[in-house]
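Have a look at these structures, which come just after this line.
Look for subunit A in each of the two complexes below; its partner is subunit B in the first and subunit C in the second.
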Partner chain A sequence: MELNNAEYTKVVDALKSRFPNSINDIGVPYETLTLSVDSAEIKNIIAFLASEELGFSFLTDVCGMHYESTDELGVVYHIHNLYTNTRIRLKTRLPKSKPEIDSVTSIFKSANWQERETYDFFGIIFKGHPDLRRILNMDEMDYFPLRKEYPLEDGTRTDKNDSMFGR
Partner chain B sequence: MAVNTNNKVNIVAPPEGHSDAGFFATSLDKAVGLARKNSIWPLPFATSCCGIEFMATMASNYDMARFGAERLSFSPRQADLLMVMGTISKKMGPVVKQVYLQMAEPRWVIAVGACASSGGIFDTYSVLQGIDKVVPVDVYVPGCPPRPEQIIDGLMRIQDLIGNESLRRRNSPEYKALLNSYGIK
Partner chain C sequence: MIESLKNKDLSEMNLNTINLGPTHPATHGIFQNVLTMDGEKILHAESTVGYIHRAFEKLAEHRPFNQITPITDRLNYCSSPINNFGWEMTMEKLLGVQLPKRVEYMRVIIMELARIADHVICNSILAVDTGALTGFTHIFQQREKIYEIYEEICGARLTTNIGRIGGFERDFNDKTWKKIKDFVQEFPKAFKEYEALVNRNRIFMDRTIGTGAVSAEEALNYGFTGPNLRAAGLDYDVRVMNPYSSYQDFDFTIPVGKQGDSYDRYMVRSAEMWNSISIIKQALEKMPDGPYHADVPEFYLPPKQDVYTKMEALIYHFKIVMGETKVPIGEVYHSVEGANGELGFYLVSDGGRTPYRLHFRRPCFITYQAYAKLIEGSVLSDAIITMSSLNIIAGELDA
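Now for the complex of A and B:
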């Protein structure tokens, strides 16, 4: 869990000095630098990472989370510095009653579809997104299927039961 | 009539009827059925691995053309047989239905493989649990994926249905009730 990587130290120090109150937890799980950050500051943090100074110019992934133990939602960003081949993972937590976070589409154009996907599956509202609607599921779907309170199985199945799938 | 001396060539047998010197008489149903069942134009709706098996079925080794289904129609308007092969997600369900609606009567549907028949292993919110939720299906081919022999067998069962179908079936109240149950017409 220690930051024995010079690039990691540089990034963490820069972020800590710029956002002293917004970086909560720092670790290196599964060999990727991971920061838990304040969801209100996410746009500023990502803009700073994407700037010339830090060079994290590639948004690999945006995905949602549902923490069942605390019943919170979350958004996870994976960002890649292609010059130094450094990856960083940013985790945010959002209250389920108001799952809103700033869109980063103004920084990374590629966030458009990824944020739509996160909205589609978790119902997270990305404020400032130009076209926030479902992308993969059918438009008529009236719930967010990867939230844990909804069953994985299809409600219309007629000739299957859980025992066929080892459940 | 020339006598066929090549035993390897299998010519379709005539339907039941009466024949004597210089004539052959049968019912119109049977003559039409014979013509239709040996000149099927299938529309392949292939989405996944069953579609790969279908490609083998159409290729030279298995050669579905031997059964009169030589010409695939990629336009539903000229197709007789909709072959749905592979997982159909719920988002694609309306597309399958639209393709079916664009086909002219008489039309048949074959669901190839476990996914098209029942959703298969995909017991999940995003997958249609069988295409018979959106269109009526005539023949189901089991398998995951089925071998080309099984797909050919399914096609031959379709041929049996076509060959034995009454010319009045598509006007019958039962058939209209079937379509109505899918919200068609």
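Now for the complex of A and C:
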């Protein structure tokens, strides 16, 4: 993958030399540097990005994903370096049977509710999170609604057949 | 819990637990905070959110792209056009649609009007919470004028569903241009009067200076964006950092505060309104001629009268509504400077009729988690001021 941006090359080189086995896939879709990283190393990678050396001091966004084709879950992080105005996207994949990943709340306090939201909707367990409870849904809910297997509407209805309209 | 109480036996202290919300006349929305109080002082606060959660992200996975715009209305409903355009720009980025300059300038005008409308609400309600009702009743006339402009363009006032993917549904008519020009003339006069009433008002200053203060480091760590972050002294503005919709063509400043308290947030919003007026004036001056939408018939919904009379328009209408047009596979993050901060859209497309995943980065949701920390140690009446000045909008908080 050609990185035609000096800042991207610098970040990728630094990450590659520090975590040679954890950076899998590098791309720049729609001008955002996107790395697929090993979920076990995520906390170290984000701590390294947030350190003064690289200066990614702002966690823009944390969100969950459900990759239906491989039936894996994932967490996507968007981190922003406000000095050089570089955005980076980190993508992780987790097995659905054991969706556990380290929490980054100790690095970014803004991750707190965003991780709770991800847990709430995808059931991803953030290890080390100070208060991992549901946030937007009710506490009694026993499923994770943004996973693809949960239909928006009652699956027993037959009067609303959408099969002719795409998905 | 505030530090000095960590090791004390609270059961002996005769504390009260009160519920501030979920419906409370002073919180302007559905917010619940469980407060542990010692007399008038808040020792511990816990926020509960989700009372108006409407599952927008799940809904979005089941809707064609053009039907997601009305969902975004309901995020920050005080400035819906910014959300609408933010979503449309995300789609245009995914599709690689290049817009005519005229459309971008028209969008800038509407977005800045929306920013003024949003800041007017925040600043005047903040004054109401400190006891100054007069300014609020006076300045709300101006918000009404902005809503009349929306009405002229799209027919709606609050949940605007303005614009289309690829441009506007119709050109602005003469009445719209006149209303915008009148507004640019009239608003500064009215707003000057409002500022004269409130800015240096002794009671207002006493209530807001020093309440809900947050340092720049804390604000950054808590993920603050927009006026709340700028009040703490950091000049991060998406319009300048990652210009969208031709914001690079306009000359404006980023106002910053120093203390990060309620008064600074108020002042930053005030200064931003003056900037918005200046941006609208520049856009009106430079407004180029041209079409009001991009020439992308496979994505831009054709006008309804054409659908009824022209074969081509009917075919494209059918294809768009039925999801027969080819959408690239990919993932896009696009953010706009919403009235409360960076409003982001993370869209993952698998080439289907609907998004595979759409995540909204909602500034209120991220900002609000600091609220409990901000009010611990303050008195109850200051907690109300702090919430007002953070401009937390329930629709955006709960999505």
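Assume the second predicted complex is superposed on the first by the 152 of 167 C-alpha atoms of A that agree within 3 Å, B and C clash if a C-alpha of one lies under 4 Å from a C-alpha of the other, contacts with A are read in each partner's own complex, and residues count from 1 in each chain.
Everything below uses one rule, namely that a contact is a pair of C-beta atoms (placed from the backbone, for glycine too) under 8 Å apart; a residue touches a chain by one contact, two chains touch by 3 or more.
On a predicted model such as this, the values are computed, not experimentally measured, just so you know.
Undergrad: Which chain makes contact with more of the residues of subunit A, subunit B or else subunit C?
TA: C
Undergrad: On the A-aligned overlay, A:26 touches which partner chain: subunit B = first, subunit C = second, or both, or neither?
TA: neither
Undergrad: A:12 contacts which: subunit B (first), subunit C (second), both, neither?
TA: neither
Undergrad: Classify the contacts of A:152 with the two partner chains as first (subunit B alone), second (subunit C alone), both, or neither.
TA: A:152 contacts both subunit B and subunit C.
Undergrad: What is the contact status of A:137 with respect to subunit B (first) and subunit C (second): first, second, both, or neither?
TA: both
Undergrad: Going by the contact definition given at the top, which residues of subunit A touch subunit B in one complex and subunit C in the other?
TA: Residues 136-138, 145, 152, 165, which sit in both footprints.
Undergrad: State the interface residues of subunit A toward subunit B in the complex, per the touch definition above.
TA: 136-138, 141, 145, 150-160, 164-165
Undergrad: Looking at the complex, which residues from subunit A come into contact with subunit C?
TA: 29-30, 32, 34, 57-61, 63, 65-66, 76, 78, 82, 85, 87, 89, 108-110, 112-114, 117, 121, 135-138, 145-146, 152, 165-167
Undergrad: Touching residues of subunit B toward subunit A in the complex: what are they?
TA: 90-91, 93, 118-119, 121, 123-127, 129-130, 133
Undergrad: Enumerate the contact residues on subunit C facing subunit A in the complex.
TA: Residues in contact with subunit A: 49-50, 53, 55, 57-59, 61-62, 93-94, 220-223, 234, 236, 241-242, 322-323, 330-333, 335, 342, 344, 346, 348, 352-354, 357, 359, 361, 365-366, 368-370, 398-399.
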